[in-house]
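The first chain written gets the first letter, and so on, giving A, B and C; residue counts start at 1 in each chain.
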C-alpha cells in the first residue's frame, strides 16, 4: 500500500513539475534562451492567485486564466523590450540578462509584498479522496489534472494551429520563416509570453499546495533546468516525461536512500544524461538548439 | 530607429515603476508587519538632560530570505531604544545617556553581516554590538566581535556551535537550540492516557535545526521514548509527501519538526493531506508565529510549538514590568503582538543595559566582564551566562494552538490552560 | 572580440604610464591594512577573492569560450578541503591550502574530460549540475558536518587574510598573463574562434580545454580555501552560493572578456557599483543591481576594455550599436 501511495505522490508531484518546466522548455527550444527568470514568473503567478483569493475570495483554480493573462503580457513586454536584443547573442548574455531580471523581479516583489510567507487557505485544503489507507488530496489532484490539460492544450496549439506552426518554424529555420513572412521578433514575443503564462499557471496551482514568498522562484528554475535536460529539450512530451521522471526520482530517492540525497541524485543524473545523451531521454520535437555553437 | 530603441528601454523601466506603484497602492499590507510608531509612554526625562549618546551597532537582514525575522529583531531593538530614551536614558554612574541603535541591512547574507559589523566597529566607532538574526550570521559576527574585543549581545542565534569556540565577547540571552523541543517531550511524559511511546523527528538541514533535532533525540532517548525515525530534509524542499508516507508506516505517536517556518507549515499540510495521525505534533519554529494559523487554518489546532518566550510567563523586571506589560506596551508602539523573536531581541538590549548600569562605565572590557558575571531577572526570564556566554538558565515554554487561539500550556506555572492531548485523528476534526 | 591590436604609437605612449599606475595601485593596496580601517580591509579582501574567481572563470569562459556556470562548486570544494583538513584532521593551514587548491583542480580535470565535449548551454548546465551535486553531497556527509557546516580555528589577524587574498589575486593575474603568451593560451583562443579548425590544425583541443578548466578550478579552490580559514565558519549554503557564479561572470564582462586585467578591474567596478547602490538605496539596491546587470550586458557587452579600445569613437552611438548587434 505504501508503494502505491508513493507512486501516487510521484505522479502528483511530477505532473505539477512538468507544468513548471513546460514554459521554460518552450522558450529554450524555440529561442535557445535559458530563462533564469522563469521561477519569478511562477512566483508572480502564485501571488496573483494569492491576492485574488485574499482580496476577493476567488478560488486559485479560477484565477489561473488571470494569472496566465497577466504573465503573458509581462512576458511579451520583457521579450520585446529586453530579450529580443540578446536572443542571438552568445549564451552568456542571455543567462546574465535573465538572471538580472530575476534579481530585479524578486526584489520588486519583496519590496511590494515583504518577505512574509503567504498561503492560500481554501475550504477544501487538506481534504481529499481516501481509498483505504491511500489519500489523494483534492488540491494536488486538481493541480495535476489542470497541469495535464494545459500541457495538452499547448501541444494542440503548437501542432494544430497556424500560429503554433509559425512559432515552430522560427525554431527550425529562421531564414525560411522570415522568407514566408513570419515576423520573428513578434513570434518570439508570443513564445516568451506563452512561456511566462505557463509559469503563471504553474504558480497559481502551486499556491494551493505550497507557501508563497518572493524568493520561492529560484528553486523552481533549477528544477525546470533538470526536467528539461532529463526529458529532452524543447518538446511538450519531453517536459512531461522529464517532470514525471523527476517526481519519481525525488519520491523513490526518499524511499530508498533518504530525503537528503534526492537533489544529489537528480543533478547527478542530469550531468550523466548530458554527457551520454545530450538530446535528453526523448529526442527533440521542435528544437533548433541542440547543435548550436555556443561560447562566449 | 535608434531613438525608438532607447524609448523602448526607458518605457520598459517606466512601466515597471508604474506597475510597482500601482500594486503598492492597491494591495493591502499584511497586518503582521506593522510600522514603527514613536514610543507612546510619556517621557519622564527631557532629552536635554542627557550627558551624551551611546551608540550600539547591529547588522540585520531587512531584505532577502530572512527579512521577516530581521524585521521582528529590529523592532525588538527599536522598542528598547525608544523605551529607554523616554524613560530617563541609560544610567552610567550618575550620568544619563541617550541610546542610539545604528543598524545596517545585511541582505540576510552572513558575509555582508560580518562586513557591516566591521564597518560599525572601524568606521562608525561603535563600542557595543547587538547580534544579527540567525545562526550563520551570528557565527561570522562572533569572530569580528572577538577580534576587536567588542562585546556583542545577541538574542537570535541559538546554536551552541556559536559558543563552543571559546569566544569571550559573544553573549546569547536565549536558551540553547537543543532545548527547543524538550518542553513538548516533557508534556508527552506527563500524559498517560494513552501514553506516547514513539517519536519521529524531521529536521531542516542547517546548524540550528540540526542542534534542535539532536537535542530532542537525545532527550527522547534518555526518557525512554523510542525514536523511530530521524530524517534531515534538504533546503527549499517543496514536497514532503514521500517522507510523510514513509513515516505513516511507522505510525509515530509524536511527530517533531525542527526547521523554519515554511517547513513547519509544509509538514502540517502534508500530514493532513496524507492522513498521518500522531498524538502530538510539535515544532521548534512556526507555531509561535501568528502566520502559522493563517497558513493552516484549522489544521493548526492542537499543534505544539516550543518557544523562547510568551507573554504568559511570570517574569518581571523594573524596566518593563511583567511579560504581559511588555507585550502590551510593545503592541501599543508597533501595532502587533510581540512574538519571541521580538522579546529575545529586546532582552539582548536589556542585558547590555543591565551590564552597563552595573559596571557604571562605558569601558568595553568592564562591560564584558560585567556581562560575564551578570545574573538578573527580566521580563524575558533569568539572564545569566555560562562560561561560554550562553544563557542556559532560562527555561523555555510550550505553546499550543487551541481552536484558533495560541495559548501557553507549559511550564505549569505559566500555563493558561491545559494542553489538548491526544490530538484527535484527522477523521474526527 | 576585443582585439589586442592597439596602434603601436599609442602603445609606446600609454604603456609606461599604465604600468606605473599599476605598480602604484599595488603599493597602495599593499599599504591598506596599515592605513585603512578594518571595514576597507574586509571589503578589499572580498574584492580580491572575487577578482580571483573572475580571473579563473576568464580562463575557461573568456579564453576558451566555454561558459562555465558552476565555478562556485570548485570554490566550495576548496573551502571544504581546508575546513575538513584543519578541523577534522588537525592539519596546519598551508598543507590544507595546498589540498584545497589541488583537489578541485584534479576533480575538474577528471570531470572536464567528458563534460568539455558539451558546448554552449549544455556545458553551462552540466557545470551547474556538478556544483549542485557537490553541494548536496557536502550537505549529507558527516565528514563535512552535513548542513551544520564546519568551523575552522581562529587564525591570525584579518590583515593576514588580506595579504593572502591579495597574493592570490596577483597570482591569478600572473597565471593569466603567462597563459596568454603560452602555446596553451593560443590553443584556447583558437578553440574559442573555431574549435574544429583548431583541431584540424593539430591543436589537442581536449587537453587544452581540460587544462584551462583545471587551472580555473585551482584558482577558485585556492580562494575558497583562504575564505574558509578567514571566516572561521562555513556551511554549504554560503560556500556553494549559486549567485557567486553570476557575479564573477558579470565582473569579467564588465572588465573585458579574454583580457588579462579585465577580471580584476571588473571585480573592483562591480563591487564599487554594488556598494554605491547599497549605500544610496539601502532598501532598493538589489532592484537597481538587477537593472545594472541587464543594462551592462545590453549596452557594454565588451566591457570596459571594449570601451577603451573604441575610445576615439566613443559616443552614444556605440551603445546603440552594441544594443542592436544581436537584435532579432
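Going forward, a contact is a pair of C-beta atoms (placed from the backbone, for glycine too) under 8 Å apart; a residue touches a chain by one contact, two chains touch by 3 or more.
Quick caveat: nothing in here was measured; it's all calculated off a predicted structure.
*Asks:* Can you tell me which chain lies farthest from chain C, using the average of the Cα atoms as each chain's centre?
*Replies:* Relative to chain C, the chain whose C-alpha centre sits farthest away is B.
*Asks:* So which has more C-beta pairs touching, B-C or A-C?
*Replies:* A-C
*Asks:* As a quick test, compute the distance in whole Å between the mean CA positions of chain B and chain C.
*Replies:* Centre separation, chain B to chain C: 37 Å.
*Asks:* What's the distance between the Cα centroids of chain A and chain C, rounded to whole Å?
*Replies:* 31
*Asks:* Can you list the residues of chain C that touch 2 or more other chains?
*Replies:* Residue numbers touching two or more other chains: 136, 139, 146, 283, 286, 291, 298, 323-324.
*Asks:* Where does chain B touch two or more other chains at once, residue-wise?
*Replies:* As it turns out, chain B has residues touching two or more other chains at 5, 9, 63, 205, 232, 234.
*Asks:* Can you tell me which residues of chain A touch two or more of the remaining chains?
*Replies:* In chain A, 82, 85, 104, 107-108, 111, 260, 263 touch at least two other chains.
*Asks:* Quick one: which bits of chain A touch chain C in the complex? Just the residue numbers, please.
*Replies:* Interface residues on the chain A side: 28, 32, 34, 82, 84-93, 95-97, 99-108, 111, 184-185, 188, 218, 222, 225-226, 229, 260-261, 263-264, 267-268, 270-271, 274-275, 278, 289, 292-296.
*Asks:* In their shared complex, at which residues does chain A touch chain B?
*Replies:* 2, 5-6, 9-10, 12-13, 51, 55, 77-78, 80-82, 85, 104, 107-108, 110-119, 121, 125-126, 128, 130, 133, 135, 137, 140, 206, 209-211, 213, 215, 219, 250-252, 254-255, 258-260, 262-263
*Asks:* Considering only the defined contacts, which chain C positions touch chain A in the complex?
*Replies:* Per the touch definition, chain C meets chain A at residues 61-62, 65-67, 69, 111, 114-115, 117-126, 128-130, 132-133, 136-137, 139-140, 146, 192, 242, 246, 249-250, 253, 257-258, 283-284, 286-287, 289-294, 297-298, 301, 323-328.
*Asks:* Can you list the chain B residues touching chain C in their complex?
*Replies:* 2, 5-6, 9, 13, 62-63, 104-105, 107, 110-111, 114-115, 118-119, 121-123, 136, 139-140, 143, 146-148, 161, 165, 204-207, 209-211, 232, 234-235
*Asks:* Considering only the defined contacts, which chain C positions touch chain B in the complex?
*Replies:* 37-39, 41-43, 46, 136, 139, 146-149, 151, 154, 157-158, 231-233, 235, 237-238, 282-283, 286, 291, 298, 317, 320, 323-324
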